[in-house]
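Shared chain: chain A. Partners: chain B in the first complex, chain C in the second.
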Partner chain A sequence: MKEILQALVEIVGTEFVSDQPEERYLYSMDPGTMPAREPDFVVMPDSTEQVRQVLLLANQHKIPVVPLGAGLVLSGLSRALKGGIILDMKRMNRIIEVNEMSRYALVEAGASQGMLQAYLKKHHPRLKHSAPDAPPAATIAGNVCIHGSGHISHAHGFHSDMLNGLEVVLPTGEVTRLGSCATSDYWFSRAPLPDLAGLFLGWAGTTGVITKLAIKLYPNYRFNDVGVFVCEDARLMPDILYRMSETQMAEDLTAWMTPKPDWARGFLHSNINYGANTKEELIWKRNLIRASVSEYIDRKIAGFIPMPAAMKQPFLEVPARQLSRFADVRKGGGFEYVGVIMPVDLFAEAYELGLEIASRLSVSYSLGARIIGINHCMMFFYAYAFNRADPADVQRAQRALEATNRAAVDMGGIPWKAEAPAQKEIIRKMDPNMFALMNRIRAVLDPAGIMNPGNWEID
Partner chain B sequence: MYELNYDPQICAKCKTCDCLMKCQYIDFELAEARVEKEKLLNGQDTRILQECTTCYSCEEYCPAGNHPFYQIVERQEEKGFLPVPEPITKQQLTMMEPRGTITPASVSAPVINMCYFPMLTDSIRGKLYENTSMIVGSDIFCNIMWLHFGKNSAIRERLPRMIDNIQQFYLKDSGVEEVVCYHDECYGAYTQLAPAFGIEVPFKVVHLFEYLSNKLDELSDQITPINAKVAYQRPCSNRLIPQTQHWVDDIFQKIGADRVPREYDRDNALCCGQVLRAQQRDDLADDVQKRNLDDMQQAGVAYCVFNCPVCMFTLADAVAERGIFPILMSDLCQAAVEKKAE
Partner chain C sequence: MQYEEILHRCFRCGYCKLPENYVDFNCPPYLSFRFETYSPGGRMWLIRALLDNKLAPTGRLQEILFSCVACANCVTHCTFPKFKDQLLLAFTAAKEQLVNGGKVPPAVRDCLTRIYQHGNPYGHARKKRDAWTDGLKVEPYSDQEYLFFVGDVGSYDTRGQEIARSVAGLLQKLGVSFGILGADEISDGNEAGAMGEAELFKYLAEENIKTFESRGVEKIITLSPHGYNAFKNDYPGFGGNYSVLHYSQVLAPLVKKAAFAPDQPPLRVTYHDSCYLGRHNMEYGAPRTVLTALPGVELVEMQRCFQNALCCGGGGGNVFTDIIGSGRQTSAGVRVGEAAASGAGVLAVACPQCAVMFADAVKVQNLEGRLAVKEISEIVNERLIKQEVN
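After this line comes the complex of A and B, so read on.
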């Protein structure tokens, strides 16, 4: 081990590698419920070349490597399940290029959502990227890798749909560019080449290490507004969301159902966010959205909550800070959720499932959904807060998460950024030939099996 | 219990139908107004029930003081004509329900009743409010807002309890017999609505503007005139208590503010728009707000002065975008007094 440590020091420098218990402890967990797993080393590379050398070393000695962004995935995907190296990418956080006219940004894999947001605000105020409702420290690459979604996902799909290209280091040390950047100096698109970016999206870091990526940027509207539509019957939700999405006016469409505060209990809210460059255009969009659900309004069974401008502010924030309040509702800082990608048709069933599990297992919950694309699917989330200092509370949340994962898969949904146990639930239902293909691809890309082992595996 | 003091015979004999003919939001010819009024009296469906914006104004317009607006709300509730979608009404009822957390407290006069506006308690400061007590919270909320929701039943259920809370938890053991109502809603609830429903109010109430006017007299040597043109956004609840309108002019005169004539002021005041949005009538709200703001801008005012916090929350941003400073009457008075103090 000392030889490995010394080799790592030679690659990244003394200050950026550690095998000390403090670092190994800190890097053993994320804020979710998954049990801690200590790595043997923590390494912070500063360049693609350093990543390449680390992977060559790891491949030679068959040392597991776990790429890490901000470590905020909550489902423990960046724990070192079989020891080895945690490859913390935070030093590689440069914003390399913003192409204003072609609306894309090229960043290193450690660049955070907050950094890009601030950079664009300062240097390119006409542009924005789709930020998730995660702390600003969350990395852009991490969220793209897990098929994340954010504040423009209703209009433009998953964050992986907004990916223009990648630079990756393969487990065997080759540096490869994917997308237009493989052929051109411009990172404008994944088309028209064979789309190999998918080899690194949704794989939980088991196929290689992303070092650079380009993502699409979008118009940053001067005026923004939000409507909060409320009803009492979950069975109406698919149609309400369908009608609203049919207008194609919204950038973001989310649903939330929570027992706290008391006035919200039992009600289903749909937030529809939209923007415009003039106030007249904004009102026009509002009117189209309103007209789309007028049938429900006229029947008085649903409507938009009247909100003065100040009340709307929390709903217009990117990311939404108020979500963090629920994250600590039990105190002790424990929070995890199951985000299930599923058809919007299943909304009522998914909602009832959340209520049933929360009631049966006595957990603090918050339910919601982000509509991805114009009702093409949704990420329905079941969030459970727990007190990290209370083992019984943690266990309750774990049970709720497990039950939710299992039921969601059975319902026809697929848990997103699934924990290792939930991955097994998915594999249980997966077409065996797909799983076999995944293993064949991994065997080619990662013959030594060093990349984030323990994920996307049976036992 | 708490029967509305409404005489159908008065309405039946009424030839002028002022309650409808003066309405700013529903257009009637006199003949049609009489027909619709008859329908209302007979318990039939009428466009009055569906189109009423619940602006309270017909309470002011009725020359007989027969409470036509309360009767409209009674009928809306009886016949299930909800002005606001049901889920929103239910949410509001929960949001504003008494928490039952009130505890006895000793107060001394003058007692400022801040209703359920805890976010405005910082306004109660400085020389204008020296040696005052303040009460605030869900357990003393006047609950008059349910007039906008077709829910007289909520007023009947909650208002007597609120009155009793004020009396039992604050006034009785403190030997205080009077409260100063910060908001027109409370003053209107205790002096006009409660009697209309036969709800007893065991304490006296003073309108904030009367209190401020008197304080400004006491502090007259410390007032620095505002010397600015102002617009006043008259709230819906003042329609219940038009006799208090003169206090607005008195105060403006005392602090050197020029309430310039404009179209949508005084008897012709327009709704702030918030209730219209609750009723899902955005087009009407947009129109009403635009006319109101255009009017203020054309009048060249520097301040838009509010008494109702909801009006202020609703219009503040739009007013500010027009280069007009939104401010509560109480804060404007503070500014006049404190300027000199500085």
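After this line comes the complex of A and C, so read on.
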């Protein structure tokens, strides 16, 4: 271990390696419910070359390497399940280039959502990226590589769909570019080359380390508004969402159902966020959206909540801070959610499942969904709050998460950014040939099995 | 430990590391060291682990906890309204726990010992406390309107002394009636308190209060925002109730009325909000009022300003202990870079500690010649002098 420490120091410098109890303790867990797993080292590289050297070293000594962004995924994906090195990428946070005309940004893997947001606001006010509601310290790479979604996902799909290209370091140390950047100085798209970026999307850091990535940018509207549409019958939701998405006016379409505050209990809310460059255009969009669901309004079975501007503010905020505050519901600093990617058709079933589990296991819950693409699918979330200081409460939330993951898979959904146990649930239902192919690919890319081991594995 | 009931409520979401516009990390120790352990959320969890005996109070843990510069960025930007106000209080309580157990970094121990033995963190003789007045005729406090409380940095640090002289000279020119305590002044205790030495802070406060009472002090002007904070917010708890002003608050209305020559050369200035004036006490206007009253001065803001200002890294005793100075990217270094990027030729401060921190940083960052660090009264004085010469 001493020699490994020394070798790591030589690569990144003394200040950026730790094998001390404080770092090993803190980096052993994330804010979710998954049990702690201590790494042997925490290492903070500052360049692709340093990442490459760390991987060569790890490969030579068969030391596990776990890439870490902000660790906000909540499902414990960046814990060192088998010890080894946690590679905290946040020093590599440069915004390398923004191509205004081709609307993309090239960033290092540790660049945060918040940094890019601030950078664009200052230097390219006509552009924005699709930010998730994760706290702004979340990294762009960490989010893209788990197929995240965010504030423009209704219009443009998963954040992985917005990826133009990657620079990755393979577990065996080769630095590889994928997408147009493999052939050109421009990072404008993944087409028309064979799309190898998929080897790093959805793999939970088990195939290599992303060091740079380019993502698409979109027009930053001058005026933005939100409508909140409410109904009481979950069975109506797929049609309501279908009609709203048919207008193609919204950038973001989300649903939320919570038992708190009391006035919200039992109601299903759909937030529809849209923007425009003139007030007239905004009103025109608003009218189109209203017209799409007028039948429900006319029949008085659903309708828009009249909202003064101040009340809209939290719904227009990017990211929405109030989502993080759910962690304090039980005055205990914790929540974790199962986000299930599934067809919108299953909305009512998914909703009933959440209510049933919350009541059966007595957990504090919040349910909701983000519509990805124009009703192409949704990320339905089941968030359960827990009190970190009370192990029984943490266990209760864990049980609810497990039950949700299992039932969601059985329903035809797929848990997103799944915890290691939930990955096993998915594998249980997965086409065995796909799983076999995944293993073959991993064996080729990572012969020593060093990348985030314990994930996407049966045992 | 006081406030321990909030520790587990931290979600480790990290809003507290950032300013409101998320442009970059705004917690100085985190910025310097980059391990999550140095972030506010990391501290919360480490302190919990310390109390639960999951971690021992090792030298490293001590360094981590004492690297907090008490800048209150986390208090301002934590997204949990129900406990955010107690974050810094919890960090200070944890330091207090270490102090009481004798588990503090050597630099902190030595600094606290010097304050205890000499009434100041430099360990200099008390009788030299008024050495800064050299060349100025400043009266001892007797029946003047204000006591001018100079504080440790203004009394003993060379750069601090220049600032003390500049401020006192300007107050005199503007006709403010004040006197000083000289050798009777001792540390205001703000830094001892921030380093978790609650007993020493209490002792210093009580000693100062005794002096103030015996001299009939009612109104105080402080040179340092740190002293301003202690007198305004903490001394009432020890029975010391005074009308307390930071000198910028005294200058603001007076400078507006002062006469300046119209043909002043243009000067682009950016102002750095000191944490104890800004985030701790919400005084953002007075220093800006002083600067904008000056003919020829154009005030430009840095990307992080007002409640989003990046701390100079000198608070929490760090100006004396330099615990965060060992990190590679110091906040003072980043801050002077940000000031230069704003297009300003002058970085204006209203705190002697900030001035000391930035003076070094400008050299380290090779910004000498491009960016001058000036205290606000120095900028006023330059212009007043020109007027007098004219």
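The rule is short, and it goes like this: the second predicted complex is superposed on the first by the 459 of 459 C-alpha atoms of A that agree within 3 Å, B and C clash if a C-alpha of one lies under 4 Å from a C-alpha of the other, contacts with A are read in each partner's own complex, and residues count from 1 in each chain.
The rule is short, and it goes like this: a contact is a pair of C-beta atoms (placed from the backbone, for glycine too) under 8 Å apart; a residue touches a chain by one contact, two chains touch by 3 or more.
Everything quoted here is computed from the prediction, not taken from an experiment.
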{"item": "Partner chain(s) touched by A:R360 [first = chain B, second = chain C, both, neither]", "value": "neither"}
{"item": "First (chain B), second (chain C), both or neither touched by A:H123", "value": "neither"}
{"item": "Touched partner set for A:C231, first chain B, second chain C, both or neither", "value": "first"}
{"item": "Which superposed partner A:R428 touches (first chain B, second chain C, both, neither)", "value": "neither"}
{"item": "Touching partner for A:F304 - first (chain B), second (chain C), both, neither", "value": "first"}
{"item": "First, second, both or neither for A:L26, with chain B first and chain C second", "value": "second"}
{"item": "Touching partner for A:I283 - first (chain B), second (chain C), both, neither", "value": "first"}
{"item": "First (chain B), second (chain C), both or neither touched by A:K62", "value": "neither"}
{"item": "Intersection of chain A interface sets (partners chain B, chain C)", "value": "none"}
{"item": "Chain B residues touching chain A - in the complex, by the definition given at the top", "value": "82, 84-88, 90-92, 94-95, 274-275, 277-278, 280, 282-283, 286, 310, 313-314, 316-317"}
{"item": "Chain C-facing residues of chain A, complex", "value": "13, 15-16, 18, 20-23, 25-27, 30-31, 42, 44, 70-72, 88, 90-91, 112-115, 117-119, 121-122, 135-137, 321, 324-325, 327-328, 331-335, 387-389"}
{"item": "Chain B contact footprint on chain A (complex, rising order)", "value": "230-232, 261-265, 267, 283, 286-287, 290, 297, 300-306, 308-311"}
{"item": "In the complex, chain C residues that touch chain A", "value": "8-15, 17-18, 21-24, 33-37, 42, 45-46, 49, 54-56, 58, 60-61, 64, 79-80, 82-83, 303, 327-328"}
